[in-house]
Amino acid sequence: MNDGLAEAGERRVGWAARSMPVLQAIAAGFAEDRPLDGLRIAACLHVTAETAVLMGALKAGGAEISLAASNPLSTQDDVAAVLSEYGMAVHARAGVDRDTYYRHIHQTLDIAPQIVLDDGCDLVNILHTERTELLGDVAGGCEETTTGIIRLRQMAAEGALTFPMVAVNDTRTKRMFDNRYGTGQSTLDGIMRATNILLAGRTVVVAGFGFCGRGVAERAKGLGARVVVTEIDPVKALDASLQGYDVQPMSRAAEIGDVFVTVTGDRDVVRAEHLAVMKDGAILANAGHFDVEIDVRALEDMAQSVNFGVRPNTDEYVLDDGRRLLLLAEGRLVNLTAAEGHPAAVMDMSFSAQALAVSWLAREAARLSPGVYDVPPDIDVQVARLKLAAAGIVIDELTPEQEEYLHSWRVGS
Amino acid sequence: MNDGLAEAGERRVGWAARSMPVLQAIAAGFAEDRPLDGLRIAACLHVTAETAVLMGALKAGGAEISLAASNPLSTQDDVAAVLSEYGMAVHARAGVDRDTYYRHIHQTLDIAPQIVLDDGCDLVNILHTERTELLGDVAGGCEETTTGIIRLRQMAAEGALTFPMVAVNDTRTKRMFDNRYGTGQSTLDGIMRATNILLAGRTVVVAGFGFCGRGVAERAKGLGARVVVTEIDPVKALDASLQGYDVQPMSRAAEIGDVFVTVTGDRDVVRAEHLAVMKDGAILANAGHFDVEIDVRALEDMAQSVNFGVRPNTDEYVLDDGRRLLLLAEGRLVNLTAAEGHPAAVMDMSFSAQALAVSWLAREAARLSPGVYDVPPDIDVQVARLKLAAAGIVIDELTPEQEEYLHSWRVGS
Amino acid sequence: MNDGLAEAGERRVGWAARSMPVLQAIAAGFAEDRPLDGLRIAACLHVTAETAVLMGALKAGGAEISLAASNPLSTQDDVAAVLSEYGMAVHARAGVDRDTYYRHIHQTLDIAPQIVLDDGCDLVNILHTERTELLGDVAGGCEETTTGIIRLRQMAAEGALTFPMVAVNDTRTKRMFDNRYGTGQSTLDGIMRATNILLAGRTVVVAGFGFCGRGVAERAKGLGARVVVTEIDPVKALDASLQGYDVQPMSRAAEIGDVFVTVTGDRDVVRAEHLAVMKDGAILANAGHFDVEIDVRALEDMAQSVNFGVRPNTDEYVLDDGRRLLLLAEGRLVNLTAAEGHPAAVMDMSFSAQALAVSWLAREAARLSPGVYDVPPDIDVQVARLKLAAAGIVIDELTPEQEEYLHSWRVGS
Amino acid sequence: MNDGLAEAGERRVGWAARSMPVLQAIAAGFAEDRPLDGLRIAACLHVTAETAVLMGALKAGGAEISLAASNPLSTQDDVAAVLSEYGMAVHARAGVDRDTYYRHIHQTLDIAPQIVLDDGCDLVNILHTERTELLGDVAGGCEETTTGIIRLRQMAAEGALTFPMVAVNDTRTKRMFDNRYGTGQSTLDGIMRATNILLAGRTVVVAGFGFCGRGVAERAKGLGARVVVTEIDPVKALDASLQGYDVQPMSRAAEIGDVFVTVTGDRDVVRAEHLAVMKDGAILANAGHFDVEIDVRALEDMAQSVNFGVRPNTDEYVLDDGRRLLLLAEGRLVNLTAAEGHPAAVMDMSFSAQALAVSWLAREAARLSPGVYDVPPDIDVQVARLKLAAAGIVIDELTPEQEEYLHSWRVGS
């Protein structure tokens, strides 16, 4: 390992830690109580500075850790270097190919984990299909993403899941803050770094109006863009419309958009029929977990030629009719690839919930049957309370009379 | 009944009906299918034009209806007149005293209802305490408000509730649209009609950041105000802060606010200690269901004199130290009292859900044990779908490949 | 004059005065210095509570006042009553016909004014065409509106204007605050009072993107509407687009709008060709000074029948093809007719500038040749400074070093 | 010159050119008409891709060009390389020291310019103080920045300016678009690239509420921040307050801010007394032209140690009391240093105005006396019209009746 690399990593992790006061407070508590003493943890997460702070907290709690990357493009090599130096087994390198990616997950599993942390369900999937010999040791785990949760619920429904998994993604904290504010800002940040276009006055099409899509729409609007939303859920579509967004089917949005951001959790949201009608110069970015939301293969098929790297993380596809479509980050997560992913301040909340969930699993897993579990709600409240305190924000407490009023149904109008 | 009054009511109801295309579509279906044929319904709701459209839909479905007002101040007498003319038993008059208010509820219950519709739980409460002889006939009911649901859940927890109640308030449609957009706009509308103050540049304190509070905060901000939010829930407080609002405890907010809006569902949110430090000219308004959120008694105790009606729905309390505090609508619902309540377009959604929920209860109540039930989610989706259609908004449908992808967990990254 | 009316007027004026601290501070100074002692002033202004506070300030300065209404629909009769009681000659009554309107202006001019205050240039126009015998006495005057200024500049260009007129409308304070924030809020307020529609999710077309149009667009957006802007000036159109608004020609906007607001200062902005393609239920409102912006005659010609007063200030025009178009306030100023005009807080600024401009004219008019004059810029700054002080807002002062830096060009990079 | 460098420069300039359709249209016209045939132009501008497109347009018009950098930190070396290759004399390199910076300006002047283009007035200043022998040749010039205009007006007032200068900065297009939208977005972009902090929920203090400050405030708000504005002009301060911003003196803002952005055009806006009370972790950025707005010397004096480069373009100053203040881009233009300056789309407008102004000067300079001139207004309108056309936006044209109405003052109410 390169010394300069580890040093750069240390600086980067130190910077992130400043914006993660909640996780640092939890780490301090863990260092005292050692709730994870001797526990083997295998994690498949984006190998970033913020993840490093989480790993530090778990290690402070006594855990032995093995880490793989959940995405070949998001690994910060300097962070991997410093984590290795801290004594964790890190199997991650930026830009590896598919085979290496999966080999890294296998190597990570070699620790024979008792707790697993996953981000997209690849590690848990491999455990249940190719490393079934390790299943017996696993007490439980946590999953970070909506996409992963969908897969886990499906596994549970089919009876295939053999241990309890906590849906860290489904905390109020995660959905409200991480998904909305984190994805929102970092996606626009990625688009600006990749293209340096002026967003004011542009038409930005946001496909999907879940928490992430909402965040992307808000930030695009906040930067002066006109926002068009596409949805498949009538309730979300109606909500978007009442928030003042222009709701359109993708077939129509494709004709008017200057920038497209997919954030649906589904595949082929932008596909050949849409590419066929887009304006010259249209920009395509994906902020959903997997690189399936934009049909890149269709784009390749339609292109006469490709100019790779016309800007950093920007490839230009020249179509037969002369139109040029710009694909950012190869259709992978634009906020992680072209920018730096979620700011540490939001990761502070979701990773704090995760640290507390791991500690809860360490205590409770034995009592839980296989399945997908919500994070206990008091963890959420605890994280929010610590975050407010760190920001110097004071809120109200119920008076005894107010407490009583809320619990009484006998009071009339 | 006065003819001119009924005519004015008919015009008013006709106007509302234009903005309620979903409920009218449902009424048309009801008229054909008669799903409520012969059913006796007792309703305790705000007697407004939109309620009249709902009553019309239920009547079209075959129901026999008896109606009381859920708030002494919100009754539109002309609407009451026209409903009487349509053959419903209406027990409501604007501005009645407390005794008459409760007498009206009793008269309404005389129908011996099979289904009850409530808005704040007063009718259901009286049924369970003073009219227990009628409980045997009641198959089930619907409750409109958060406040009412809190009381019902408490009753259910204590084993006191004797029939199934559907929490109409808890639909996504109701919370997202009615609470957020309806309360938001109409509350600011009420404040403007009562005071005609310029909101730009004013500091508006919003107590409570639930869906209603969020809506009020958004509209106040949209009118150019600086918004301060007070909360007791750390997660909501954090969310408010991340949306750019200034989060403060009420003790501090009281010192800096120009306008105060309470929308918490709890009592004494603005109380003596806060009134003591407010600025001269501060305006106090309540948008929560009951008139308990501002401690009006404390205000009366502190006042040296009161100038009633310095503006419509605005009373001026002159304190010992010369400061003047302005109480809107006597601390009752400012959006209903000083303006016209929720615009018909939002009531369209919640009342459509309610109409469909009544129809569902008519079919299913026999199979349900006592307790609080969610509205079946497909009702929500059906309402949203009809609303989008009425607005001419087309949304996407999943392709078979997308449908399959969402149900598969075997696809990797 | 009716006693109760004057009492109601006094209450109304007292309410406005609370939100006009700057004008009250100026009135206090005037009462001491008597800068207008014995001066005869003829004013043609909207006879509202705020105007009454201005009249009070001028009277405090020693002026003798005669007042007519600048718009037949905006007169508040109770305010007229209380002003009469205060000893001013008031010639105004709500809802008078065209002949009476002009007769009132003539009566007002009978005072043989030395200073004139105008709002739309009707009084000055009559002076120069029908009452030329009075021109000799007139030292100068003030004009309130953009429309009036356009007419005055035209008169000046043709050599027809015989005395100096101060373009009160052209102060930064007036354009930025009165036009933008005052017209913005009160126009939407008027639309809500007239129709009680939900604005969230509606498409609001704003014709004209001057300061007034900008204000209307901001408030419509702030209430959750999608805003379409029409313009004829490329620079303003581009600005609107970069602020995220959808810029369209009226021919296209007419097809997609739910609500139309004209605020251009020009005629026939909405005309037959646009009415022909509007959606059923479209709402038409004017916020420009004159009632010429919507071609009401074309609407009448196209209508098969008209239902007057389907809501307060709302008339329904039923067209041959069954579409129903809703005209608010007969196409006159919707914010004055359906709501209460600008909130006192903004009028405080423009009327304070006007009071100081009258005082400046009293001193300087003799030295000025006929023409249109800007308000001296220090009046603007003085008004803003007083307003900030009244709001308790403290701002920075330049340090001597900063002052020097701004005046030096020798400092390099 | 390095071949790879020129190639990278060509790619970068090509990218910018795509977003500059107006300037490209003008260049095409220039290539045909050759309005600058044989003219010697010396320019002192930020050497960026957008400037290169402008230089290309002038060269297409027939000019001979010599170019220096107007800021030592903003030069893109690859752009300099490609311009050299295109046959222009380029005297610019990233990161040069003060002496080299001025030497470059001198070398640029060696062309003996007939037209000068300046950005901050350094070149014009040197011409008038150290290179007076060249003054005789200079027919006129253009100045880009507010700061430069202030210096030029001072020179003109003192009779020191010897030729006409066009205030390109004072076009509506420049102030509205370049200053507001360009500085707004790129400043926030720079802060995000330098720090990757989450802006949602942070308190951002914007010093100065001119067009640039307004843009910064809007974008900060649009990213979820609470914005505090400081000002010295009462009218601008009031405007900020009415737009919903919290207006405070810097002494108070310093205590509550998380991020500070200076954009005033004056020195020492953030100085020792403010640094003394800031929170640990406060971030300091300048978006004003010169690096004098944050008193960096005071910061250095107060610091016990400095950690340079804790993030790219971020230095950490550790104070005696342990507080850490983070200075971005050494107090120089954060949008140019930490991001890429204004997006090409806004530069398109101001540089198009500049190209047309140079062409106008070439025709008219002989008829102009020394002084500061506005850009002729039709240039502004022409630029806006071309930009709308490029964006596919159609706007209305006045009908003959509307045209006539605007020019007639005889029409009454």
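All chains are identified by letter, namely A, B, C and D, in their written order; residue positions are counted from 1 within each chain.
In this text, contacts are C-beta pairs under 8 Å (C-beta built on N, C-alpha and C of every residue); 3 or more make two chains touch, one makes a residue touch a chain.
Per UniProt, the chains are A, B, C, D = Adenosylhomocysteinase.
Predicted model only: the values in this text are computed from it and were never measured.
Given the two chain pairs A-C and A-D, which is bridged by the higher number of C-beta pairs in contact?
A-D
Using each chain's Cα centroid, which is most distant from the centroid of chain A (Adenosylhomocysteinase)?
C
What whole-number Å value describes the gap between the mean CA coordinates of chain A (Adenosylhomocysteinase) and chain C (Adenosylhomocysteinase)?
The answer is 52 Å.
Centroid of chain A (Adenosylhomocysteinase) to centroid of chain D (Adenosylhomocysteinase), CA atoms only: how many Å?
So the centroids are 37 Å from each other.
Send over the residues of chain D (Adenosylhomocysteinase) in touch with two or more other chains.
In chain D (Adenosylhomocysteinase), 181, 200-201, 221, 224, 241-242, 391 touch at least two other chains.
Can you tell me which positions in chain C (Adenosylhomocysteinase) touch chain D (Adenosylhomocysteinase) when the two form their complex?
70-71, 101, 120-122, 125, 150-152, 154-155, 172-173, 176-177, 181, 230-235, 237-239, 241-242, 247-250, 252, 265-269, 289-292, 380-381, 384-385, 387-388, 391, 393-399, 401-402, 405-413
Help me check something: in the complex, which residues belonging to chain B (Adenosylhomocysteinase) touch chain C (Adenosylhomocysteinase)?
Those in contact with chain C (Adenosylhomocysteinase) are residues 11, 14-15, 18-19, 181-182, 184-185, 189, 192-193, 196-201, 218-219, 221-224, 281, 310-311, 339-340, 342-346, 391.
What residues of chain B (Adenosylhomocysteinase) sit close enough to touch chain D (Adenosylhomocysteinase) in their complex?
Spelled out, the residues of chain B (Adenosylhomocysteinase) in touch with chain D (Adenosylhomocysteinase) are 200-201, 221, 224-226, 241-246.
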